[in-house]
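In this document, chain identifiers A, B, C, D and E correspond to the written order of the chains, with residue numbering beginning at 1 in each.
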Amino acid sequence: MSKMPDSLVASKALVSAKGGRMLRKKKTWVDNGLLPVVVFFLLWEAVSTLNGRFAFFNPIFLPAPSAIVREAWYLAKTGLIASSIAASTARILVGFAIGMVCAIAVGVLMNKYSRVDYWLSPILNLLGPIPALALLPIFIIWFGIGEFPKILLIAWTTFIPVLTNTLDGLRSVNPTLIRSALSLGASERHIFFKVIFPSAVPSIFVGAQVSLGLGFSALIVSEMMGAKSGLGYIIVDARNYFKMSNMFVAIVLIGLEFSFFSYLLKRLERRMVTWRKNGMRSAVEK
Amino acid sequence: MNYNIKEVRGLQLAVQNVEKGYEGRRVLKNVTFDVDSHEFICILGHSGCGKSTLLNLIAGFLQPDSGSVTVNGVPVKGPSKSRGVVFQDHALFPWYKVIDNIAFGPEVQGKSKAEAMEIAHKYLKLVGLEDYAEHLPDQLSGGMKQRVGIARALASGPDILLMDEPFGALDVLTREMMQKELLRIWLELRPSVLFITHSLSEAVYLADRIMVMKDGDVAGEFRVTMDRPRSNQHPEFIGLMREIQKLLTDE
Amino acid sequence: ACGSGGSPGNAAEPDGSSTPNASDVKNDGIELKQFTLVGVRDAQISSQQIIADKKGYFKEEGLEVTSQLIESGPDIGPMVAGGSAPISIQTNFMDIILKSNNVGVKIVAPLAQIAGTQAVVGGKHLELKSAKDLEGKTIGVPNGADVVIAIDNMAKELGVDAKKIKYVNLAPSDAVTALEKGDIDAMAAWEPFITKAIQGGGKFLFSGTKSELPDKQGDVNWMSVHTTIQVTDDFLKKNPNTIKAVLRALNKATDFINNNREEAIKILSPELRLTEAELTEIMNRNVYSMEVNDNYLNDSNGEAVGSYLKSVGNIRELQDPKSYHDLSLLKEVAPELVKAELK
Amino acid sequence: MSKMPDSLVASKALVSAKGGRMLRKKKTWVDNGLLPVVVFFLLWEAVSTLNGRFAFFNPIFLPAPSAIVREAWYLAKTGLIASSIAASTARILVGFAIGMVCAIAVGVLMNKYSRVDYWLSPILNLLGPIPALALLPIFIIWFGIGEFPKILLIAWTTFIPVLTNTLDGLRSVNPTLIRSALSLGASERHIFFKVIFPSAVPSIFVGAQVSLGLGFSALIVSEMMGAKSGLGYIIVDARNYFKMSNMFVAIVLIGLEFSFFSYLLKRLERRMVTWRKNGMRSAVEK
Amino acid sequence: MNYNIKEVRGLQLAVQNVEKGYEGRRVLKNVTFDVDSHEFICILGHSGCGKSTLLNLIAGFLQPDSGSVTVNGVPVKGPSKSRGVVFQDHALFPWYKVIDNIAFGPEVQGKSKAEAMEIAHKYLKLVGLEDYAEHLPDQLSGGMKQRVGIARALASGPDILLMDEPFGALDVLTREMMQKELLRIWLELRPSVLFITHSLSEAVYLADRIMVMKDGDVAGEFRVTMDRPRSNQHPEFIGLMREIQKLLTDE
């Protein structure tokens, strides 16, 4: 009775002190999410500096953030970083988008037609867990080493979590809402777009969040095959030639890039899912 | 609006020897009754006697275990926009604003956005919630949600209106206002109405015919012949109240 | 990148072959001018390829070769099998394995003897009084790797019980780390990991061609493996003149590497992501030569190799070297290099 | 009003024809999920046989199931398959269990204390997407090449999806239920175990399902370090030496093993979540 | 059972100058009133006038924007088992069977499983649902859910009972039965009761005092002095009905 969707928190905040407090919390979380990251890097730097002095372990095992930045700068000058980010981002985005679209489409079909579910489910159970690394040689044989197999690999990796979450989202629609829509004259298309889909959107976003992270794993594997740049390429190269600091450069870049995309996803979700209450925290005003 | 069309086709709903159970426990036992076109029927009955179940069968959400539900002789195989439903638990779309919830029906039935909005606003006003058009269902009080549910069902212009305790959460004043509005709409558009209520006086005030259910059976039917608007001082009113009360209280 | 995307080098019948630019430079009717030569970013595999590319030897032959270096050697197998690497450079062991999978592929020339870069490096704390001390020690090596041949032969010659050596399955890059950390006593791998391991405090013990073990110092012949250039049967049939041109270019590159080592290293160093010092050391362990000799035919492609590959399950049956060789083009290009014949 | 939890479908079925139909459907899906798998393998065999006759492509591209079985038999005789399944299963199960427990614990803490959320969220966003392949060398440095880093890698891979789904599940608890429990005198512990957790369980299961699949990906990477057997080991070995049929053996084994575990998970879920309605399908009786 | 303890401590609830709004729209405007220990108060008011909001404040789910809600002088900072709530939308735990829903309170308050079950069965019987102990909430009719919600709140033995239209979905008969039971329990355990209803006669039948809310304000209070059980023929009954009706209807 007294919970309100996130979207309204802002306007509420303009009024009461309480609202104000809630707004601040939200803002902190989103905007100042940077503080913990900064502290994290500072701590890491401190550990590395201490290690540099007392030599607990070989510093190549855990280069200091400053060393990583230096390394990154060095790599950036060769143009590798810019081109890698560009190439990887393109691959991730395209693969991710394809995987998402297919997963949602297949999920809808499986939810709607129990025949499809019946036939597809066990097959997907068999194929779903095939690791990217195992697919790699097969993909090379079938599709060569161009962009197509790379994107396909990322799409495939994206596919399964989104499908699983989509199916769950579709399954958990409140049936009374479907009844309600049907009695109002909604066609199947309407039911899907105006009832089932809005209700499954939160679950789909969870799948997307997970898949986005996995996309980077798939990226590495995909960029093992004949890539000339890309964050995955940097990692494979670093691994092959024992350039631990390059490895860390790529890892940090992946972390930052993921954070950025993940933030965008969350923004989009907050925009699309204004109506959902946030359980625990909205139960009781403090 | 489409008054004429309905007048012509006239809807005949027939429930025949319907049985329905959940997990082997029979809830409806051999229920039979008809609803004439334009008829206003109220259903009374104790908590758990199967009223909502019956409504769900007529709406097409459930299928009878045996017997049949037909509209103009055609078995009901599923929900249809010709049978509008007001749900006991509102069933508003939580992701749509109040106004969009009401516009849902007209919109999916092919009306233009502007037209649908116009209709929605009309019914929103009718239930006295003009000020809440932009609210989400979750921001409404219990009674307000109920009224939005009613507005939504009305806005899609059904031939039969199936209403499950639609005025249960309303205060006396709002309830009276809503009763009057419902009658006005019914007189204008002439849908058949199946109206579940726990208020005896409400039933007598509204219905052409009152069906009393007991333990999954139709225990009695009462025709109300008074003219509308009805006064609770009218002898027929008082007599009916007493009679039905007795039937309900009898063990 | 290239691959399935329809870049001419990958297709068996690219447009280059339909419109041969006969007027161009010197050519003996080169069938295909533009194509991709796939190698590995690795000093033993692709040094000649890189030099030929950078020094313009391919161009001189009227070719427009796209030189593609793959990060992980094992991917060349699937690429050859799938048709995305009709002409490639890898070791002759790969051809044996491909052949046993019925992939139609022919070695057209050897490029280098690289057994010197297949080596065993001991950890910082490994003390060996004799080779026999390796018994009971743990060696990190990719399961089924070629370099195990060298260990087996060393064991045979120095009276070590090879069965008592413990092996841990580790990719070379991981083995370097594990060796430095002391999780393993020694590692067996190839370059550049040997050099990396030595930089990390490891001690060179022995390679396929050289030993620094206490009980055996100097040249040995414990292993033989060659880098080779191979083409698919289809490519061979359609583009003999192209292949000959490639062989000529690679031969020039071989000479350049052998005659101008320092300059070669300067060119190769950035391409191979190794310092000049590292590269000097690595390249010294290889013998760059396109000679088909006894060592190539009987050691690198001999029965012992086949038996080993079979014993670790890498092949099912022994393969007749004839079935995966076609040295006729090399003979036409440089008859002096073919010093032995396939029997 | 007319939806019923799965658990009741069976008893219902004993009574009405309609119920009977529903029971059959359920049973088919669960028990005869084998039929689609059988058809799948038969089709594959047929394609391979046709290929064997007409030689469209080299059979190494797609070995026939019968060839894979032969290969598997060959490998089985060496004892490799039995030991690999044993080793991999143990690793997956332990890693999966650890990852699950940690993810749920961290999820609960993050949901409960916004401080924890504030500090952990951005860090996890940075670390979450680090691909297993990039972690491998770092893990070897830190933890050596024993069982511990292997299991840790699997646990880590399991952790993120379960955490993401757990957080979503916790967020979507109906706040009125929490209010209800609080007014009945529930302590925080009670709220968690009797309200939040039951309500988040379906989401957690979705995360578990996804993670289980990912566990096999992590397995391969983890078995790159010093394993002597394991399904991942077979795959890495197959990749290194172009043993495509071994690769397919391992893939099929992974698919079957995953299907089996996934089935167990679904059984467990159905047992734990008897109360949940299945949206679309239960909306309207047919 | 714990009758004595309560008799001793006596609970004094004070709502003082409470304001509360959502998104800047003030819903409660300066509400002030007291509830004595053991007092039975009914709240009447139009749909959306802020009754549920007020209840949520007293329950400790919401905090006032200004003003205070205190129990024995101590500000209410959050929910507590001493303030039991019957929710307008039931809020039953969907994963627990009916019996476990009712046993929830006793159990989390440290009673043994057996004891809790015994208590639960007692209250289940009280609301007339012995046969439905093993059902899930989703398998109940609307009125049954409401009764389970009431049984659950009662079973945890609160000092103040906050009830939001608890009998809204009940038929007349069940409603009368529930009213009587509620009075019996109240007389036995003597909690304070805050009871929101839309039925005027129910309010007069039950309450010590009736509070009428209008637009976020307390528009009037009426003390009921008749002895219980009350007859709707009693002059005070009739008089109060008329008076309150007038206040509610006045614009």
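Here is the rule we use: a residue touches a chain if its C-beta (ideal position, glycine included) is under 8 Å from a C-beta of that chain, and two chains touch if they have at least 3 such contacts.
Everything quoted here is computed from the prediction, not taken from an experiment.
> In this assembly, which chains make contact with chain A and also with chain D?
Intersection of chain A and chain D contact lists gives B, C, E.
> Which contact partners do chain A and chain B have in common?
Output, common partners of chain A and chain B: D, E.
> Quick one: which chain's Cα centre is the longest way from chain E's?
It is C.
> When the contacting C-beta pairs are counted for D-E and for B-D, which pair yields the higher total?
D-E
> Please work out the Cα centroid separation of chain B and chain C, and write it as a whole number of Å.
Taking the average C-alpha coordinate of chain B and of chain C, the gap between them is 83 Å.
> I'd like the Å distance between the centres of chain A and chain C, where a centre is the mean of that chain's Cα atoms.
40
> For chain A versus chain E, what separation do you get between their C-alpha means, in angstrom?
Once rounded, the distance between the two centres reads 47 Å.
> Can you pull out the residues of chain C that are in contact with at least two other chains?
Residue numbers touching two or more other chains: 74, 77-78, 81-82, 173, 177.
> So which stretches of chain E touch two or more other chains?
Correct list: 22, 52, 60-61, 78-79, 88-89, 139, 141.
> Got the chain A residues that touch at least 2 other chains?
1, 3-4, 136-138, 141-142, 174, 176, 179, 182, 199, 236, 239, 276-277, 283-284
> If we use the touch criterion from the header, which chain pairs count as touching?
A-B, A-C, A-D, A-E, B-D, B-E, C-D, D-E
> Taking the complex as given, what residues does chain D use to touch chain B?
Against chain B, the touching part of chain D is residues 1-2, 4, 8, 11-12, 14-19, 283-286.
> Which residues, counting only chain A, touch chain D once they are in their complex?
That would be residues 1, 3, 25, 28-29, 33-34, 36-37, 39-40, 61, 111-112, 114, 117-123, 125-134, 136-138, 141-142, 160-161, 164-165, 168, 170-176, 178-179, 182, 196, 199, 202-203, 206-207, 209-210, 212-214, 216-217, 219-221, 232, 235-236, 239, 244, 247, 250-252, 254-256, 258-259, 262, 276-284 of chain A.
> Tell me, which parts of chain E touch chain D in their complex?
It is residues 59-61, 78-81, 83-85, 87, 89, 91-95, 104-105, 108-109, 136, 138-139, 141, 152-153, 156, 158, 162 of chain E that touch chain D.
> Show which residues of chain A lie in contact with chain B when the two form their complex.
That would be residues 1, 3-5, 174, 176-177, 179-187, 190, 194-195, 198-199, 273-277 of chain A.
> In the complex formed with chain D, which residues of chain C make contact?
Spelled out, the residues of chain C in touch with chain D are 74, 77-78, 81-82, 94, 97-98, 101-103, 140, 142-145, 168-171, 173-174, 177-178, 181, 183-184, 312-314.
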